[in-house]
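What follows is a structure written as structure tokens; I'll ask about it next.
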Amino acid sequence: MIILLKDKVNENQVKNLTNWLEGIGFGLHISKGQNHTIIGLIGDTSRVDMDLIASLDIVETVKRIQEPFKSANRKFHEDDSVIDCGGVKIGGGNFQIIAGPCSVESEEQIVGVAQAVKASGAGMLRGGAFKPRTSPYAFQGLHEKGLELLSEAKRVTGLPIVTEIMEANHLPLFEDVDVIQVGARNMQNFELLKELGQTRKTILLKRGLANTLEELLMSAEYIMAGGNNNVILCERGIRTFETYTRNTLDLSAIPVLRRLTHLPVVVDPSHGTGHAYLVKSMAMAATVAGADGLIIEVHNDPPHALCDGKQSLTPEQFDELAKGIQNVLPFAVR
Amino acid sequence: MIILLKDKVNENQVKNLTNWLEGIGFGLHISKGQNHTIIGLIGDTSRVDMDLIASLDIVETVKRIQEPFKSANRKFHEDDSVIDCGGVKIGGGNFQIIAGPCSVESEEQIVGVAQAVKASGAGMLRGGAFKPRTSPYAFQGLHEKGLELLSEAKRVTGLPIVTEIMEANHLPLFEDVDVIQVGARNMQNFELLKELGQTRKTILLKRGLANTLEELLMSAEYIMAGGNNNVILCERGIRTFETYTRNTLDLSAIPVLRRLTHLPVVVDPSHGTGHAYLVKSMAMAATVAGADGLIIEVHNDPPHALCDGKQSLTPEQFDELAKGIQNVLPFAVR
Amino acid sequence: MIILLKDKVNENQVKNLTNWLEGIGFGLHISKGQNHTIIGLIGDTSRVDMDLIASLDIVETVKRIQEPFKSANRKFHEDDSVIDCGGVKIGGGNFQIIAGPCSVESEEQIVGVAQAVKASGAGMLRGGAFKPRTSPYAFQGLHEKGLELLSEAKRVTGLPIVTEIMEANHLPLFEDVDVIQVGARNMQNFELLKELGQTRKTILLKRGLANTLEELLMSAEYIMAGGNNNVILCERGIRTFETYTRNTLDLSAIPVLRRLTHLPVVVDPSHGTGHAYLVKSMAMAATVAGADGLIIEVHNDPPHALCDGKQSLTPEQFDELAKGIQNVLPFAVR
Amino acid sequence: MIILLKDKVNENQVKNLTNWLEGIGFGLHISKGQNHTIIGLIGDTSRVDMDLIASLDIVETVKRIQEPFKSANRKFHEDDSVIDCGGVKIGGGNFQIIAGPCSVESEEQIVGVAQAVKASGAGMLRGGAFKPRTSPYAFQGLHEKGLELLSEAKRVTGLPIVTEIMEANHLPLFEDVDVIQVGARNMQNFELLKELGQTRKTILLKRGLANTLEELLMSAEYIMAGGNNNVILCERGIRTFETYTRNTLDLSAIPVLRRLTHLPVVVDPSHGTGHAYLVKSMAMAATVAGADGLIIEVHNDPPHALCDGKQSLTPEQFDELAKGIQNVLPFAVR
């Protein structure tokens, strides 16, 4: 971290600052120029509150050289993390497709979809039981009943299950869940992240709608700071001015994240685009760009889905997509 | 709500849709054009899942005519709501300045600031005890101890207190708090909103960093749907590409919200700009534009604030600001 | 186009509107509901000023059913357009890589790069002679001299040349240029677009930094309205809040545009990401997603490039990229 | 400017860089830390291509200390610039309201509006003759005829006239125009800016829809670099995700620009919000925030305006607004 002081600062104030920095354990490298004094901090600056320093009266700007995340940082963990998801591995060359409906609606629906996607090669089953909806009047999911139906589908097919949590108090209900998803709107629900850090469950952390990749990594850091290193990152589209798509899928997030972190990166082209006709091309592009996995919405009857039917594939479309993925996976850039 | 069907749809499918809509209680007005069929819904469409209808195979687009929020809607509640905040009123011509430090740091600090801002005319005291921070390694607030110090400052000065909640489980600690703030990052933490809807506490709901005003009103609706109508809305700046300011304060939100809703609207120019030198001009502009109140960060020693010192005013600067507000308040556009 | 009138409008005003609409040649389909009157326009609404109608006192909203672009619309031209670029074809299954330096710097540089990229399979040569730069003090290109050097490289290698125009007055200098590029900042320089519509040159139109795909198509429409149908669209990244990349490359633009228009779509992963290490993965992803071509920055000595060296590949890196493209091209989703 | 070099760089490469920097006239202050070497540049860095240096292989990052604009910079020109507009002054305490219709439509219209707004206190008349429109099929203005009608209105009322230019070739037609406007979409049409820099006309430069204030100032710098210092800056709303307003008016731009530059700053609340009902509150807020002037759309018959009627005030509404401005002008924060 480099601290650039303002012109003509009081020597006493500088002394106060340097004493304080040394007091909290940093080595300092001070360089006085004609107009500006620069202080370089030597030590672990990920634990420093950069905003606090930037706000000091005598400081012009502060610039990080190291990234502010540490447990998630590839610099301190060169190899890809391989994360266990109820017996299925992801990361480090293990590519997985997670498929299933937006919402769990009935036993027939969820078991039927689970069997279909398994037959096409999906490695995990997704399905929402607790649904974050903009309107309090919209369908909010089957809750406990939905989790039970997911367990039933897991019992029948053997597929590990992935589903979203919206509140730490619900954790006891998620015992049979293999991968707990944190949705985009909760990416910076720090209290929830802290609680998940206290578990050893695998967490699928989705990027917020207007969040940077550094903020995504800092949220992963919240979970890992509690001792839970089982984190999967998910790009699911960001908010832009474009209207033909629901969100803009940021596929460059894949190689950027792969450089910055050892955690697996999966892509959700269903939410990321909002339209079934865009899912296959974006899924294949994500695979070639080096993703560790995909999350795909599949519904046995998209027009009658209780949520997000517009972006769901039929089992037949999913089967075709899964075959396409196999064609390009050998050429993925990693 | 108007539903526009696609060209050449199957008559049976249309029948299915109209039967279903009538079954859930809507009157229908159907108009067949040369190419397109249009269905108008008559009834309370705020309780309809617009996305679900839009996702049907036979539907081209759906357009709301009514707003999707109801309890917050001025159409059904013409007069400004006047909200009680521990004995102090806001809204309907009652203008309030809420002032205080970003974080509660010590008894001396919070009581000192409270006395100073009261003397200058502030009607409420703000101060953070639970702080949402991007990094798990940054200062997160004094927690319970912070709430106790706020209570002490309230006891000494009589000012009602405003402070942020980050998790519903903490509610028992907030008994002595007069106004509970929901921060920008939790604006769509729907489970928290639902829990707050079960209380009768006054809630100050901040707009999310990349959220629309309709989304803000839908989040207010979550609280009100639980029966708690004591909601104050807060514009605190949105994320844009501009870098000279921390956020972009959207002052047009004031007259837009005042037209759409009867709830009071306050503005936070401190977070909204991120720089002390911008606070006075934006506070005065917000007042003239018709805001019901302001939230201003004031710290007795900004350069040593543990958080957001860059944007805090000194008590002297706040006093000058408060005088400026009095000058323009009579000319506010309302 | 559907016009929704406000509640309780004056019958005379409605009559005025319908007379005017019929007068300019539309058939009307009018439907009166309990509260709302809806007017459907029958005819070519791409030539109607939607904003003008929306601004009328009696109009609640206007909704297009048809897209506002016509010449570029795939509905009226089902087959892919195949565009000639100095003897090389693009579109309709003809995939092309356009490669070369950001700026033309010297004969040795441009001829050297041209020979290298041709050997690796590039179909066209790019290089900037007129450079749009944010600062008036930055290097602005070699201008006429740069165009001469491009012609020399074309003479030596036979590669058609692609270069940017910034002002219609420069057109006479572009006689030997095969494809004239309109940069992102000029996407809505409508006077320039009109002038280019008067030529029969092939135009490569880049999407603006914060423009929607509909706006891009409307700008193409400006060129085509003048009679010049030789237009290639280019996705080159949009401005978002992300900072690890210079822009956010929107690869979903490929399948969206391919559905909306018959014009070829190329992708620029060099400007779209701003970093050489991201170019290969994004180029391969764009290919799989169905792009008709790529634009790649290649420089013989990236660290000494006078512009954008950070994102340029070496000829060796480009050769590897070109081989990767061949691997995945057969699996492209189209 | 501070250049931070990467870890373990080759001494020869550093030598090359420092020699080059000294060769182009900079004094250097070099500081070697344990891991990092920092080079401080002494001299006029506004003329340095920061991107070029950042792209060098051995450079980690580059940080400006000085702003990249010079002629527009308040540091080198402490006093407010006072700009002449056909005899009317703006800036340095001279507050002006520019009012008139979006488009010039007829002599009766433009002269009538001119007389009305003059009577209410407007200092200049605006009206569009060349209109930038997204669609080539929308009304594009009366062109030469429109300019003639503006001159006629000027002759009758004595009000200086403000109107938009879209192409440098049209300059001869603008001889009688007092203030030439550059629209948001042309803010980075650098060739046009350079041509305007060669004139001594007063230029009203509007901020682009997704541009930062630094980019706006760099575009002003293009004009001033040619020797034309008669530049007025205009905030007219930026593109955000909000949909209740057409754009988001960034009023914090006023105090930010007033700190950074000596040029006058005016605000356009009509385009900035897109709705007549928002204009008065935003105009008054802009005034209190310290703007040097306002641009307000006024039309004698808004519902029949050929363009942007939705956001136009009637002469009566404008008169009321002008009175409101007088009430708050004495309290403006400057």
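As written, the chains take the letters A, B, C and D, and residue 1 is the first residue of each chain.
Methods note: a residue touches a chain if its C-beta (ideal position, glycine included) is under 8 Å from a C-beta of that chain, and two chains touch if they have at least 3 such contacts.
In this text, all values refer to a predicted model and were calculated from it rather than measured experimentally.
By number of C-beta pairs in contact, B-D leads over the other of A-D and B-D. The chain with its CA mean position farthest from that of chain D is A.
Each chain gets a centre from the mean of its Cα atoms; for chain A and chain D, those two points are 40 Å apart. Averaging Cα coordinates per chain places chain C and chain D 27 Å apart. Each chain gets one centre point, the mean of its Cα atoms, and the points for chain B and chain D are 32 Å apart. Residue positions of chain D touching 2 or more other chains, listed in rising order: 210, 239, 241.
Those residues of chain A that touch chain B in the complex are listed here as 46-49, 51-52, 54-58, 68, 132-139, 166-169, 185-186, 188-192, 194, 209-210, 215, 218, 221-222, 225, 239, 302-303, 305-311. Chain A contributes residues 210-214, 238, 240-245, 248-256, 259-260, 272-273, 277-278, 280-282, 284-290, 324, 327-328, 331, 333 to its touches with chain C in the complex.
Within the complex, the chain D residues that touch chain A are 2, 4, 29, 31, 33-36, 38, 40, 42, 60-61, 63, 65, 210, 239, 241.
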